[in-house]
Amino acid sequence: MEEPRTGVYVCNCGTNIAKVVDCDAVADSAAQLPGVVVARSYKYMCSNPGQEMIAQDIEEHALERVVVAACSPRMHEPTFRRALQTAGLNPYFLEMANIREQVSWVHDDGAVATQKAKALVHAAVNRVVHHEPLDRMSVDMCPNTLIIGGGIAGMTAALEFAGAGKQVYLVEKLDHLGGNLARVDLTAPYLDSARDIIADRITRVTDNEHIDVMLDAQVQSLDGFVGNFKATIRRETGLEGDGPTVSVDVGSVVVCTGYKEFDASRVTHYGYGKLPNVITSFEFERMLHEGRVETKEGRLPQYVAIIHCVGSRSPEFHAYCSRVCCMTALKYAREVKSALPKSYVSDIYVDMHAFGKGMEDFYRRSAEIKTLFLMYERGEPPVIRRADPDDDCEMLIEVHEQLSGEVIEIPADLVILMVGMEAREDSGEVARLVNISRDKDGWFIESHPKLDPVATTTEGVYIAGTCAAPKDIPDTVAQARAAAGRILGKIARGKIDIDAVYAEVDEDKCSGCRVCNELCPYVAIEYDAETRRSHVISALCKACGACVAACPSGAIKARHFTDEQIFAQIEGVLA
Amino acid sequence: MTFEPKIVGFLCNWCSYTGADLAGTSRVHYAPNVRIIRVMCSARIDPTFVLKALHDGADGVLVCGCHPGDCHYSEGNYKAMRRFPLLKQLLADYGIEEDRVHLEWISASEGQRFADVVDDMTERVRALGPSHVRFDLASDMAER
Amino acid sequence: MTRKISIDPITRLEGHGKIEIFLTDDGAVEDCFFQIPELRGFERFVVGRPIEELPRLVTRICGVCPASHHMASAKAVDGCFGGQVAPLAVKLRRLYYNAHFMHSHIAHFYALAAPDFVVGPDADPAQRNILGVVAKVGLEIGGAVIKARAQAQEIQRIVGGRSTQDIWCIPGGVAKGLKEDELEQIRPMVDELYDFAVFSLQLFRDVVLGNKAYVDIIVHGPYALDVQNMGLVDENNAPDFYDGMVRVVDFEGNEICRYAAKEYTDYVAEHVEPWTYLKFPYLKQRGWKGFVEGIDSSIYCATPLARLNVADRMATPKAQEAFEEMYATLDEHPSRLLLAQHWARLVEMVQNAEAMRDLCADPEITGDQFRVIPEQVTGEGIAIVEAMRGTLTHHYTCDENAICTSANLIVGTTNNNAPIQMVTKKVAQAMIAPGKEPDQGILNMVEMAFRAFDPCFSCATHSLPGEMPLQITFHKAGKVWRELRRNC
Amino acid sequence: MAEKKLQIALYWAAACGGCDVAVLDTNEFILDVGAVADIRLWPIAADGKYADIEAMEDGELDLALFNGAVRNSENEHLAKLLRSKSKLLVAFGACAHLGGIPGLANLTTKEEIFERAYLDNPSIEEGNTTVPHPETPFNGDVLTLPQFYKRVYKLDDVVDVDYYLPGCPPAADQVKAVVLTLVAGATGQGELPPKGAVVGASERAVCDDCPRTKNEKKVKRFYRPWQIMADPETCLLEQGILCAGPATRSGCGARCPSSGIPCRGCYGPVPGVVDQGAKLLSAVSSIIDSKDPGEIERIIAGLPDFIGYAYRFGLPSALLQRSVRS
């Protein structure tokens, strides 16, 4: 057979690839491969000139296939597919060779790296020969949206949809809306009341005709695919447990399940749970709420100490920073002062993280109100013990103070532990329910950390707020709006393109052995007892290929991942 | 000069391949012997791929999927896990050294681990020396 | 300088058996070698396979008598599991095996042997085939022959699912039983086959015994061999093809030994020659004495005739009549007259048909207890059946997981390797003598010697029984001197 | 057409003869063929003039049906001879097509085979050290035997093959159909199949013809056929009995599963499948009902000697041929 006319483009990615891989040599060797009519090396293939170069060659050299050797296809495959499409070539006639993430960034020996790059390009050229023109399926986009979690993120998103006149189902596990923010008094840096922020939203959400708020409710199952999900929601009817389930059609899902605070009792040297007046930030919020800052015994504390990074930025608990505690701590210092002007407040921290709008000023202003700042080493956290009867305080905190280099002992009647954020214990269930992944700390993984922070690897499922990672209110709200914006855009189009990559049964080959039937996680495989053949419902198929590998007749074809394509790749990498 | 094994790696798109990308973005260096082929899910990996790779001259084959319970397709990696032991048995029946074919779970966040797995596998296959599997009919008939 | 004559029964290139005759300068036969150039190694490559798979593997030793290997193997495998078999399964296996025996005998007698006797040994080679037979005895008989063979095969298929490359036996019994409606299909066929067997005997009487010339060939031809006889017998010393004791009787009728399958290594051993891949079994206790005849020779035949020679009687009445008639005519029991094989075959066919009839009449035959699940793996099984062409021994061992650890086979035709060797030399000596130039006649004579044994080199070497094209090449000092051919 | 008769040869190499019996089993059909063709060579049915074959012009034969694997130098020589003399060469039956059961010998070695046959064997003559040899001198002359190769080859390993007729043995009706097609094609009265085609077989797997009912499959334990009384109506694989049917081309009429016996794959892979054993492996292990590695190991322990099942009839045609052992 006559090989299709193929163009090969080796991206230098500035110097990211070129500094290790000899891109010209890779292009030259590609030029020798059967079917390759043009092979170029260029500084930035993903740039407009880069894409235009491809378009032009498709035109001039009547290219039928394109291979781009550059970064990971997970990064720019859509970019280059669009480039092919605009040049009038089927987007699936593209194949990428990953010579950045998997070559130039991980190998330093230029010769060896270039060798490997050549092999990967060879494989790509081999493979692309077998590519077939595929058409994306266009299906109706259901305009309704399911939002899981009634915190600030969930409510914000819900209001966005409602504002656009779109139906929302807001599912909250608890019997009230508000989430964690409802447990907070004032907010940094401007000390406006979280209450007001929340209360206002709760009324707008509950009163909105487009928002169906379901309290005491949980999503039981989510089937279907982007634009066409079916969600089953179970309402708890109070004490007698399981209640009725409702099933709703939605086109998209926004997960806003938030976070839970770190359990302070896990840090033994702070004596939380043993020492009555060692409390967590949220317990302190409740005091502020009730407007009475006092010890368990009801006395007014003379010495108040605030300890940062409880459970955060610590090797044995969470390596990450919880991002909001530092500023909240400063907020507490000020609130204590205003409540008990005579009291002494000491703030025991590791590093003071005051990034973001207005925060540095806030830090400075807090310093002015005579707060005693003590810096401790992450490895050497402070130790709290009961004071002796003759001391004028209840507890003594021993701190290895970094700036002075001395071991300082300070008095305390009330100790506030700034507990960090961690992923909710049910985040695993939620991830499985909506089929998204979690990172090692249990936070949901976004489609791309920088370029696509609210989408996930499952089309139609979005994440917003602290279920993805610790963040503050402005970021959370921004994400919620971003997610809503993305979805509203799709709803506006009314149609949605499904990836053309899915499995297909050749019923002339299917023997009806039914080996595949059990394997599909999306029940996309139907067996027709009449014809004694199995067949795949393409819209439900998510292209994992489990049935393709299992089919002993080779009757199931994985579009864009066919045996021929993979065989060709194997031969290529080993050539 | 030392023997540099050729290893073919079949990686699932969502976890392992992303993990390998992460090794790249984190600039974790590792042995250049593995040539990666991307599939959507480890469940797509037909044992034929492994035999074909060995037949075409691979000294080793590395198969990677998401960690059990954490598959993008909910249970695809269990399907790979079920096929693997029987494949290993078949290869053993052929008399092929166990270390030449290896299954590993790599999550999207395990760039470092991916690099370690590759280095480790490369060392083990290097220690085994070149594969004797590659079959060339002409030379076989010549010496019969 | 020696002259070498090579006879390629199935010429060198088709090569599944050839004869090399060495002549002295004055033209006397110095020596004669019957060579088998093939080996496949089943005994080795079944090792490592699950033991229950062997009955499906060893059938590929021979596509002509796969059922014989299937049965021997099935019994040996039963042995590896302690030997427990459903009694009904034994009956069904016998029914099946008799059917197989019968169609094999029909094919041999009419397609291969009959041409010699019905058409005549001296007839034009072009006529000496099944078509010639049909021409002589008439189309309706020809049709009856094809029908009978097909019916016997069909019975096998109905009972055991397949008529060739058998699959049916599994440890402890058989995979499928016989349904009522299947039995009803079989019954009329069995009756017809009985009639056909009786008819064949009559045909033999009329056409062969009625012709003095043929009787002379049988009785006075160079086809007598003074060697011993081996065959499987039941407790009454009547022939049993599926099971029993091996009985060895010398050509004067004295019993040399009578042993059970598991004792075979005490009584039989195999000699190896470097110039042939096929081994030479002999009576172990007498030791290997070379290719010699005589009352104390360790060489034996295992053929239809040998089976009747070691038997005192047949197992069924009509066969018994035929048995008595045959030996009365041959006027010796045992008989050394190799061409009486064909007659013996017809007598066996009668017993096959009668046995099938009795089994069909058995009220239990359609029962559903045709299998038992083995409870234990005992690790060793030795089984002997009669293949059409001779006593067939399978000996297996397996490990506790029922994986085969060793296998040894002594197949039907192998038993007759030495006798074939000897009769060939005998014929050569009779036909080739100083001053007497070899001629076309030697071809017929040699072929008839072969045919008498119906050597199934599928089993032994996997060439096939057939009207073997013969070619003699006379060599003088290694150079071709003259060629004689038939059918090639 | 009619005046010039078709020139046909049939031959068997390392085979059992079952293929020739399959031809005989077409009964009177043979006579029909005899009417339109001269059978120039067919050892089982006689009257083949072998010498003429060697004397023939290249391509003088129209059709040669070759059954059996290539085990020794003679088999190979004849394969080459028939290839040169015949316009069409058909690999007839599993041995010529895939290597067949004799191909299982490739799991062992020539040395081990000789050892077992002639030296280490319970019935061998005591103290025997003789093994057959390609050349044995006798009085200044020599007795020759063909060379026994190290391994078994399928027909197209040694010569170019036009068509493949699968089966061990091929079903008689398939033999009929194929011979008719090829005769028609060769006499210009019909279309010849594309070169390299597998003929006389279905395009689907055995399950398509298997009468047993099939359901979704999940297997907790594999059984050897003798370990359970299998239900006669439902799919054997579902019952945990290894059956190669799903991975095997049909055309046999599902003879084995219909008789309560699992398929062993004699018709070879389904069209488009590269390696029958790998596909059987993939299908069988995909239906294992467990997520626990330990349990999975226990379950596959019920499939000993998997290679012997996976390549029962096709080891010489498997992707992997040579192991570190050889």
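Couple of notes before you dig in:
As written, the chain order gives the labels A, B, C and D, with residue 1 at the start of each chain.
Everything below uses one rule, namely that a residue touches a chain if its C-beta (ideal position, glycine included) is under 8 Å from a C-beta of that chain, and two chains touch if they have at least 3 such contacts.
Just so it is clear, the structure is predicted and the values come from calculations on it, not from any experiment.
In summary, the chains found to touch both subunit B and subunit D are A. Across A-D and C-D, the chain pair carrying more C-beta contacts is C-D. Chain centre most remote from that of subunit C: A (centre = mean of CA atoms).
If you average the CA atoms of subunit A and of subunit D, the two centres end up 56 Å from each other. Centre-to-centre separation of subunit C and subunit D, using mean CA positions: 25 Å. Put simply, the C-alpha centre of subunit A and that of subunit C have 79 angstrom between them. The set of subunit D residues that touch two or more partner chains comprises 107, 274, 279, 282, 286, 305, 308. Listed for subunit B are residues 46-48, 52, 75, 79, 83, each touching two or more other chains. Residues of subunit A in contact with at least two other chains: 519, 546, 549-550, 563, 567.
Pairwise chain contacts present here: A-B, A-D, B-D, C-D [touch as defined].
Touching subunit A in their complex are the following residues of subunit D: 203-208, 214-218, 235, 237, 245-247, 250, 270-274, 279-280, 282-283, 286-287.
Note for the complex: subunit D touches subunit B at residues 107, 149-151, 153, 157-158, 274-275, 277-279, 281-282, 284-286, 288, 290-291, 293, 296-297, 300, 303, 305-308, 310, 318-326. Chain contact summary for the complex, subunit B toward subunit A: residues 6, 8, 13-15, 17-18, 20-21, 23-25, 27-30, 32, 35-41, 43-49, 52-53, 56-58, 66, 70, 72-76, 79, 83, 107-110, 115. Across the complex, subunit C is touched by residues 11-12, 14-22, 24-25, 27-28, 43-51, 54, 71-72, 74, 77-78, 81, 100-102, 104-105, 107-108, 112-113, 115-118, 121-126, 128, 130-133, 136, 138-141, 143, 145-146, 148, 168-169, 224-229, 232, 255-256, 258-261, 264, 304-305, 308 of subunit D. Per the touch definition, subunit C reaches subunit D in the complex via residues 1-2, 4, 10-16, 20, 22, 30-31, 33, 35, 37-41, 43-50, 52-53, 56-57, 59-64, 66, 81, 107, 125-126, 129, 146, 150, 153, 160-165, 167-168, 170-172, 175-176, 264-265, 268-277, 279, 281, 288, 371, 373-374, 393, 395, 401-403, 408, 410, 458, 462-469, 471, 475, 478, 485, 487-488.
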